[in-house]
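After this come two complexes, each holding subunit A, first together with subunit B and then together with subunit C.
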Partner chain A sequence: MSELVRKNTWTLGLLALFLVLLAFTKTIQTNFGVSGLESLARAALPFAFATAGMAVVVIVGGIDLSVASIMAVCSVIAAVSMPVVGGVAGILIVLTLGTVMGAINGGVIVATKVPDIVVTLAMLFVWEGVALLILETPGGQASDWLQASIQGSIFIPGLPKALLVIAIVVSVVWLPIRRSQLGLSIYATGSHEIAAFRSGVSVGVTRIWAYSICGLFCGFGGLSLVSLTGIGEPVPGPYLLASVAAVVLGGVVLGGGRGGLLGPIIAVFVLRIIRTILTLAGVDPNITTIIEGTVMVSVVMLAAIFTYRGGRA
Partner chain B sequence: MTNVQHSNPILDAASIAKSFGPVRALTDARLRVSAGEIVALLGANGAGKSTFVKILTGALSPDYGRVLIRGKPANVGSPAKARASGLIPVYQEPSLIPDLSVFENLRLSGTSVEPFLEFVTKLGIEDIRLEDEITSLPLATLRILDLGRALASNPQVLLLDELTAALPTDLVENVLKVVREQADAGCGVIYISHRFSEISLLCDRASVLRDGQTVGELVIKPGVEEHVVELMLGAKIDLYQREGLSSALPNSSTPRLSIKSLSAEPKLEDVSFNLYSGEVLGVVALEGQGQDELFEILSGFRRQTSGAIELNGNLVSFAHPADAIAKGLMFVPGDRADALLAERSVHENIALPFSAAGSSWGPLKRRFENERVKHAIEKLQIDTRAQGEVRRLSGGNQQKVTIARWLAKGVETLLLLDPTRGIDVRTKRQIYRLVRELATQGAAVLFYTSELGEIPLACDRTIVIFNGRVVDIIDAKDATEQVLMRAAYGLERQGTEA
Partner chain C sequence: MKDTPTVQASVRLGRYLRDNPVIPLIAFLLLLIVALEIMKPGMIMPIRVGRNGIFSTFWIGNLIKFAIPLAMLAACQVLTMLTSGIDLSAGVVATVAAFVCATASPLVGVGPSILIALSAGALVGLVNGIGSGIIRVHPLIMTLGTGLIATGCLQVYQRFVISTGTEIPGFLLWLGTGRTLGMPNGLFLFIPFAIGILGLMRYSGFGRLLFALGSNEHAARLSGVRSWQVLVALYVLSSIIASLAGLLYLGMIRTPSLSLANPLLLPSVAAAVIGGTSIFGGRGSFGGAIVGALILRVIDTLLTLLQMPQGARIMIFGLIILAVTAMYVRITGQR
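Right, the complex of A and B next:
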């Protein structure tokens, strides 16, 4: 038990921070309740999926600057295809194409040996163009039941459906991978690529898989976008830098090999609720971003100090 | 070994050639290993040994030639395939994944746990826990885990590349014993080492590479070392020739460096000794006896918890490596990677101390710098064919660059932490000679080595550290390996001398 706590100190700390911030929200806005939680979870949905995808590629030792663009492509494909082929087929098409786009990113990186950051920067523009080719202006239509699937709460009031969606998707996609040879290879490649290669890991294939998983999560991200607005939006939203921020705050080490997916997703909620608090408190939006940046550096720094102390004790 | 066994080798590599652009790393390398045989693969730095190893282990594909294991073409393309065909390597650097646990590393390479634990215990590491993370373990343990993992993978051919270079003497003994047992059980072993004592103890045959070509295959028997060295270098060299010693110690004068009751966590405890100018003082210790802490304190990396350092009779303390350097204490770390800017040129690496000094911000003094750097390169005979990037140099030449840096800056006190780790006998010679020369010119040198045989070759005296304390000071002329070994284990000295 104590071993479990020790290994997840960072994640538990973030969770505690989130609960404190939640309580604080309640004090400054006494009528913040179930609907507030629901809208928080809904707003966090696309950020959470972008972050999950980003976390996987950062763990493998890379970075994907094209997550927001892939999500935009997925959202327009969903909005265009669903009225024609129906909701379920639309979802399958979007998830498949998301995975394929991720695999293309990874394949180009492995085949050309051009650094991840350069390739995915280039792909950011490529996927952005693809999204605009599919749908020049916001349009299309998402299935009604899809939109309903993230509205309100389920089982008990205060358990937002959107939160459950995140939990189910991430568990179903990531947990089996984490417990397989592929998961181990992803951590190994990110930790020390040469040693992994020498241990018999196919590092190229592993990287392509990691980017494909990222693409799959971006597919879910695209679906969450159309579910939120009901239409497809070809211009990428602010998900790239937000996902990098959440990954770092969530305890994944840039450079690879360390961290998980739970921490970054909790970090998404921490960052969202900070924004909510500042909005409720009527803080100038320009100052909001300054505060967000400051919080990020401070939290990572404090966490590093605590882990250092903990490691020495 | 009989000819019958030779006619049916487990591993047979022939006519291997490999070029990198215009550089021909290998022109005609060959190697045959039979069951039960331990073959030493020898060559000076730059002979093409590393390239040959990479080809054997599948990390590189040869331009020409073939590698057969039990008559079947092996290791086309990747380390994974080489492993599958039965060739299990233990590389010079640990190849365990730092952020994973021991168990996860085993799972990654598909190694079963029980035989692994059995081998590791036999090799002398008893307190290993499978859930330990690799980053938390010391280097020597990692080498043993690496070997344990290889042994537990049912190797047909085991390739050991400089396995003992970072190991303390007690573990080396275990390793040699276990490797011999493995060979007796029918495994073929390729053994790469720069230590002749180990090779003559362990190996049956030696295959010698020079300039990318296999120039000889010899049976190991007493007295063969001289012949091997001659083949390696293409010239004769006296292995046991001592460099000229400056025996007269100015004991009456103020020492250059006087260490008084120095202690530091976790290991160093109440260490005192004097280092005089004109002297090379050896440091002998098994792995992890506090020598790392001692060198780190003297080079300004960390602070002592108690005790004092006097330089020329004045009390000093270092807040930062730059302080130590400014006061003339220059440190060459044991791991070259800690000292070099791998992607920068030889020139920049050597000139770094000039440009890094805080007082000289602003334009670099090019002419002054060039002259000093050129002098240092000539002095150390650094091979500058690949000088654009230090990482392209052979290991021995890289090591020379780490020393040349301080030579160019002007040495007063040189702190060498295992400066000859993993480099060939000719380069070692050059380093001994250089160290002696610096001492003659008035420098004071502190020389830690993990190879006990180096003490009488390069040092005047040696201190022996055991369990964080100086347990003995031995004169170079009395410092035979047996004497040093006993002292390093904390045993009393035999005989009458005090």
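Right, the complex of A and C next:
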């Protein structure tokens, strides 16, 4: 029970931090409003999906270093296939292939018994190569309505469509799984693999499922990349470090078994709004990169101090 | 699996290979070189196509030359992996050292610029060490983060020195591109370095502390090891090694850029892993990592020879790393 309270405290604290930062943004740039929120949510979209995928594999006790590469593959597949087969079929193809790529990651880990970190490091190369094979240079074309689907607000001004997309996708994919036996197995495997195995959880299958879910989220991440730029980009973006930082900041413990998906996604917005604030304050983009990195590292450091103390107490 | 004697023999073989991971690796390296020679006769043995020499010293020298910086960066990974860490900032640190050295030497002279470059690298290592040793952030995240920060700092630094131009110290050029008796001069740096690292791992107290921390950190701490001191020293050492590798690479490539040595990072992890270093700590060999670096270079040549498109090369590179590691786990039966 106290475990549950502590977890929620962390998430609520993050949300409060985000709101404080949002208010701060408003004070330094008084005309920051609906359009600012919309562009913030749009920019956060690929980061949110990468983070959601990463969170699922971290919960099962692994780590996926290849998220950015899978997203690159998905974005080029989307950009190449959409002009040929149309938008809806393109989306289905991308999501299927994303899931398959995740399943391949998990399958290789389970079959070879090589540590997750090594397998996904190798797969990072493999998927990056696949993306370059499909599309040597940035190109292709995303469907117009896909690009429109994340622009602007819906229902009321100030509720960005992109935010709604994140909320719908994550809840439709994750909530049923979390409530099901598979979700329980994922948490059990992450907490203590041997204990889970002896309690009758098929650990291997669970891990493959977790990696497949990660692949599915990466598929959504790839789609959001093409909808942001309109073209496919074969070179992976900076989503690996950002997703690991957001997962840790979001209260998911590296090593597995604890945390959810809501915390990491709020953490994505916290990390993104810091960039917005710095940009609005007229800070040099290069210095912004330094500050962003420093913030990510210090946040992870603080979290480490807290868990260390907590573990000791 | 069929009858007892075979099982025992395979177990014995597995144990032997586990104790001497370098042997199967060298066999694999030779196999790759034979494949290379078959694909392009005369490349390694010029005598087969009627030229002088049984082995091409030029080719072997070239192979060694480009494997040296990779092997040095792999040393960073081996040492940090011994304590179940990893140094993902090594590539950026090498780049920082090279760029700082090249841009500072027209201003302050060669000697001081190398000192500045090494201390810039050591500073990153110190932050890594404090983060992972004292505050206990996972080294993977810590070094990824410091790598990102260092890249940002380098971009800001670049604008201050954009007018000074660059100058590459003469002896780095000699070290990077020169040859003595057909072998690259880089060996003058690398051989003492390798002996130092091998000695450090096998005979020094510091090396034993690294193995102890990686095998069981709790037990090591109860035995009186001050783990944070060891880890801070380790990450500073790792960054100094990376800076040295960067300086050597600068002499080799001769054009400083903001991403000079970054592409070497993932191959360096691969070289360490292929060389039998466990990412979970407590087991590792620098000898294996050197052979691993040579293997990766031969594979690279092989793929260039096959005229693979860039994408297929990267992909096959990843698959080979995966296959070698999986084979290694299968043979030795451990992670």
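Basically, the second predicted complex is superposed on the first by the 276 of 313 C-alpha atoms of A that agree within 3 Å, B and C clash if a C-alpha of one lies under 4 Å from a C-alpha of the other, contacts with A are read in each partner's own complex, and residues count from 1 in each chain.
Just so it is clear, contacts are C-beta pairs under 8 Å (C-beta built on N, C-alpha and C of every residue); 3 or more make two chains touch, one makes a residue touch a chain.
This one's a predicted model, so the numbers in the text were calculated from it and none came from an experiment.
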Taking the superposition on A as described, I'd like to know which of subunit B and subunit C A:Phe197 touches: first, second, both or neither. first
So in the superposed three-chain picture, is A:Leu184 touching just subunit B, just subunit C, both, or none of them (first/second/both/neither)? first
After lining up the shared chain so the two structures overlap, which partner does A:Glu136 touch, if you call subunit B first and subunit C second: first, second, both or neither? second
Looking at the overlay, does A:Leu240 come into contact with subunit B only (first), subunit C only (second), both, or neither? second
Under the stated touch criterion, which partner chain does A:Leu254 make contact with: subunit B (first), subunit C (second), both, or neither? second
Tell me which of subunit B and subunit C touches more residues of subunit A. C
For A:Ala162, using the defined touch cut-off, is the partner it touches subunit B, subunit C, both, or neither? Pick first, second, both or neither. neither
In the superposed arrangement, does A:Glu128 touch subunit B (first), subunit C (second), both or neither? second
Spell out the part of subunit B that touches subunit A in their complex, as residue ranges. 57, 59, 78-80, 83, 89, 91, 94-100, 104-105, 107-110
Within the complex, subunit A is touched by subunit C residues 131, 135-138, 140-142, 144-146, 148-149, 151-153, 155-156, 159, 266, 269-270, 273, 279-280, 309-319, 321-322, 325-326, 329-330, 335
How about subunit A: which of its residues touch subunit B in the complex? 181, 184-185, 187-188, 190-192, 194-202, 257-258
Interfacial residue positions of subunit A with respect to subunit C in the complex: 63, 108, 112-115, 117-119, 121-126, 128-134, 136, 234, 238, 240-241, 244-245, 248, 254, 284, 286-287, 289-290, 292-294, 296-297, 300-301, 304-305, 308
